[in-house]
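So, here come the structures, one by one.
In what comes next, subunit A is part of two complexes: it sits with subunit B in the first one and with subunit C in the second one.
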Partner chain A sequence: MAETVGDEFKRDRAAARPFSLKNRFIGIARVSPTLASGVIIILAFGFMAVFAHWLMPHDPVSAYPERVLKPPSAEHWFGTDGNGMDVFSRVIYGAKFGFGIAIPAVILAVAIGVPVGLVAGYRGGLLDEVLMRFFDGLRVFPSIILALAVVAATGQSLLNVVLVLGFLDSPVFARVVRSEVLSLRSSVFVESAKAAGNPTWRILFIHLLPNAIQGATAQAAVRAAWAVRISATLAFLGVGIQAPTPEWGAMIRQGAEFMVTGQWWVGIFPGIALIFLVFGLNLFGDGLQDLMDPRRRAVN
Partner chain B sequence: MAIPLLVGIVFVTFMLVRVGGLDPVGRLAGPTATAEEFEMIRAELGLDEPLWKQFAIYGGNVVRGDLGESWLSNRPVLTDLKERAFISIELLFWGVGIGTLIGVPIGLRAAFRPNGRFDQISRVLSLLGFSIPTYWLGLVMLFVFFYLLQWAPPGIGRISLMVSPPDHITGSYLIDGLLTARWGAVQSAAAHLVLPVICLAIVSAAPIIKQTRAIALEVLSSDAARYARASGLPPKTVRRLVLRNSATPVVTFVGTEITGLVGTMSLIEYVFAWGGLGQYGLNAIVRGDFTAVQGYVLTLALFSVIVFLIVDIIVNLIEPRSELT
Partner chain C sequence: MTAPVLTVEKLVKRFPAGRSGLFVNAVNSVDLSIAPGETLGMVGESGSGKSTIGRAILRLTEPTEGKITFDGRDITRIPDREIRPLRRDMQMVFQDPWSALNPRMRIGDLIAETMKLHLDLSKTERENRTVRLAERVHLRPEYLRRYSSDLSGGQLQRVCIARAIATNPKLIVLDEPTSSLDLSVRAEILDLLAEIREQSRAAMLFISHDLGTVRLISDRIVVLYLGAVVETAPGEALFADPAHPYSQSLLSAHLPADPEAKLSRHLLVGEIPSPINLPSGCTFHTRCPVAIGACRNEVPGAERIGDAEHYANCLRIAEGGNRIKPTEAA
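Now for the complex of A and B:
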């Protein structure tokens, strides 16, 4: 969107409307359609996850032995799978796993990565050097393989998947926060906070953190998308979450063998759901990055 | 510089197997083993030694090229890996090569007219490419092109079962077939390559589009580009300048991206039963063959290090500023 004086004016007028969630959202949608469509998709899936029990026409794990591998119909919108379970209900229930894994994993990654980045950036020196080298070193391992191998080695449970994804993702946040802190370290407000006798933890968490966290918030959405994708991949390979749990990756695994025999509905629908949620999170993260990065805005 | 990294890599692969509640002894001993038998096996495997000593032994073995024996195939892991390495590199080469050839021009064109229609479309497409699970894409392709249209061969292996593979020269059926003039084999191998290569190309093009656009935009707003435009140079010349200055960061990005793509590729191999390194590694992980997992992860890390080295060399060759040195 080429920003002209007219656009500015329109935006101001939008902002001048009485405050309501709806008006606020319209304002955001004008500036960044990407962000807005991301929000809509995420909210839709959030709704599905929270109200799954009201939305599901059938129980996601009870099998109808007489209705195995039936194509989509009025009774079973997305057909039934190899166990005779309703694919539509299972896809809806799967949203719970998407959020249930991604949100705690990202929170864990932030909880580890942000303090590490703060301290490393503020202290500098050997600690910083060693940490950054370690994070750089981890880059030579493909993240999906590392996640797979660690989950397989440490025991396969949902909790473990969350822990491993959280740990593996923390360097991203450490790196973002560290680079912010590096540029803020010698700024006036930090110097004066130091001169006023604030202890280091106060400078780090009260003064630096709010200023350094911005870049990390945009990352959080992108990394949530990553977590949803990787956890589904693990389940697809049968690591971590096992069928017949109604998780999208596990469902695609069930559908894989039917794909070459023509029963496409078992594997296609959970994949579409997965794509939409990841796409929504990516749109949201991309939009946030666009809004927050002054350089990317300046070019437009 | 590279030596601590290599030691670190060996350490990570070593710890990978030791961090968890994983117990090779229990697996070897079986359910009826007595406590003494357990101790005997532990001693035999060297697991009763202190951790640092185990690491020293493991490191020494790795340096000598001994990666242990896989209990799935009952063969030295190194032999297994060597046999499959080229099969995977062939797929990676075609997939990433085509992905780059698609991604870079699209990213550049998007950057030249930011927020134009082409940019908007390519941005949504690349975000979509980020979001599609590779294995699902592979399965859908098999459904459409094998089951529905019957254009593609079934996703099992690298060559039709009816065609005998050509003599082993490089390990790539395509190249070996060409070298030995076995046209039937060449045709079958090429047909089997198409779907996995398209999959990998789509998945690798997405981040390349996004990053190339960002890099080119940055170069476009640099002082050099602004000066060139202000001096009234024709747009074509400015574009050439942007191309030249974007080349280094784009090559670096593609290089770092390959590491992640190796992981993605193993999923494609898994879906298409490709029989390469990736499928071997995933099988080892899923079935708990941890000697093989160690060897596999180690190989991937070494591969990344080699790719980074090659990228450094290429960057040195094409970087305009390095002509001076």
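Now for the complex of A and C:
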């Protein structure tokens, strides 16, 4: 059968630039440098979290009383803290907590928020009002205060921190998905799905969800940054994770005490790590949003 | 005569007009019926309620009043849960194929969807049937793995048709299936529909504002004006002898293929009245060149014309005053 001009065009384009991860990355970097820098930062921290055990020169929780509060040196690149633990190793290990809290918290937030947004947007009416007003109510409280109160009341554990963050963050995803569904629900393909005999659950999850999820994907990265920040803040305030666990927030808390007496390295290095990961996740999220914005995409 | 597959009695659909408390009278007491295997064409200008009727028949919009009987069963008020299994037997093809298909589903999955929902088939059997359906609508099988954005309008409409015929339905509502397509593609789709009409026993409701298209495919034609039926006739009878003044002017606006043919045009005066404030009596009296005083007050019933199944709703048929003379045309 004859080949159309379109087929030829597609093949030519494919031949001109063979697919590889490197080319793919260069392509993304050209469209959105923001996204590319975010990817690099996140990958670096991801690498740290996954291979922490090989990267750490010392055990992050072994105390050396004879080496308390030593400034950065060849042996201890970032110095040692008040317990004589190696700050460099602890900063590396801390990446595990950053991802370990943020990823499950965001997954939980998506798992709660997305179905609520789908149902609220599709059904509309009273159900929509009730669900959305409840979620608005959640957003009225400053999240850090609410998180503090709930973690303090339910018990100080990593799991509780994850659950609280995930729950508090679900309204963001509900809103994003709901607004997409509102504009999609009257579209012809949804009516066509109904006319074909789709039950409501299939219309929601097979037809609406894949078309409504884009905005939420970009939000997920931004909200992961939020989760990293809030969990570190909780640890800094002494709620949730306790020192000597090598978590950045807890380390900054300890470092703050020594800042006054001049041992700056204890708090500065976990602080820098925290800033970079939050920054990287935000860049990634903003970059994704840019990429999905049709007005921007049209230029490129 | 065999029992009709679909009967619509006194169908009324009103939409609230914003927050004004007024109503848009989209469909006003429409009666129609379709026999098994029959193709009923429905013509009317935009705003005449064609699409609303099609959607109400399939319960995609709730009828305000009236009764819809499908396959011997009153489906006017049955809940969604009971409608869903019936959708196996009543399918729809939409006007705009670009927006009628989920952009995130593969073409093959879209065609297989109705079978997945209604027929108890193994995965391989379903896939085989999908390929056969693609062949039946003249779609190359390699498109089955693609997404709708890779296909042209004509190809997409073939996909929609394949979806609609996959479960061998008893009724297919086609809402202007060719209106948004290029002329050359339009002919191909019409040929395909004619082919499917021969092969399957499906009855069709073919909605269009294009007389030429409707004439090609329909056994009988219904003419709508302001949400009401003004004339029902076998295709040839309508074109040979339109009885209602509105049908006469509608047909006179349709150019015949013969360039030598003498045209007598009956142009209508004025705009189509607002469906919020319907004219009294015969709703066409405000624009009708042959209207008399009685037309303002009296709602005309269906008058039988000749011995064919030809009916028109006009008061002046009885006395023969329904013909628009060329001199009377504005």
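A few comments on the model shown:
Here is the rule we go by: the second predicted complex is superposed on the first by the 278 of 300 C-alpha atoms of A that agree within 3 Å, B and C clash if a C-alpha of one lies under 4 Å from a C-alpha of the other, contacts with A are read in each partner's own complex, and residues count from 1 in each chain.
The rule we apply is simple: a contact is a pair of C-beta atoms (placed from the backbone, for glycine too) under 8 Å apart; a residue touches a chain by one contact, two chains touch by 3 or more.
Fair warning: this is a prediction, and the values are worked out from it, not measured in the lab.
On the shared subunit subunit A, the superposed partners subunit B and subunit C are arranged side by side without overlap. Of the two partner chains placed around the shared chain by superposition, subunit B is the only one that A:N282 touches, whereas subunit C remains out of contact.
More residues of subunit A lie in contact with B than with the other chain of the pair subunit B and subunit C. Applying the stated contact rule after C-alpha superposition, one finds that A:V188 touches subunit C and leaves subunit B untouched. By the touch criterion defined above, A:G255 reaches subunit B but does not reach subunit C. When the two structures are aligned on the shared chain, A:G197 is found in touch with subunit C, with no touch to subunit B. Contacts of A:R139 after superposition: subunit B is touched, whereas subunit C is not reached.
With both structures placed on the common chain, the touch criterion links A:V119 to neither subunit B nor subunit C. Of the two partner chains, subunit C is the only one that A:N211 touches; subunit B does not reach it.
Once the two complexes are laid over each other on the shared chain, residue contacts for A:A235 go to neither subunit B nor subunit C.
Overlay on chain A (Cα): least separation between subunit B and subunit C is 21 Å. Overlaid on A, the two complexes show subunit B and subunit C touching the same residues of subunit A, namely 1. Put simply, subunit C touches subunit A in their complex at residues 58, 60, 84-85, 87-88, 91-92, 94, 96, 99-105, 113-114, 117-118, 140, 160, 163.
Residues 1-2, 34, 133-134, 137-146, 148-150, 152-155, 225, 229, 232-233, 236-239, 249, 252, 255-256, 259-262, 264, 267-268, 271, 274-276, 278-279, 282-283, 286, 295-296, 298-300 of subunit A are the ones touching subunit B in the complex. Across the complex, subunit C is touched by residues 1, 187-189, 191-199, 202, 206-207, 210-211 of subunit A.
Listing the residues of subunit B that touch subunit A in their complex gives 4-5, 8-9, 12, 16-17, 19-22, 114-115, 123, 127-128, 130-133, 135-136, 139-140, 142-143, 146-147, 154-155, 214, 217-218, 220-221, 256, 259-264, 266-267, 270-271, 281-282, 285-286, 288, 290, 293, 296-297, 300-301, 304-305, 308.
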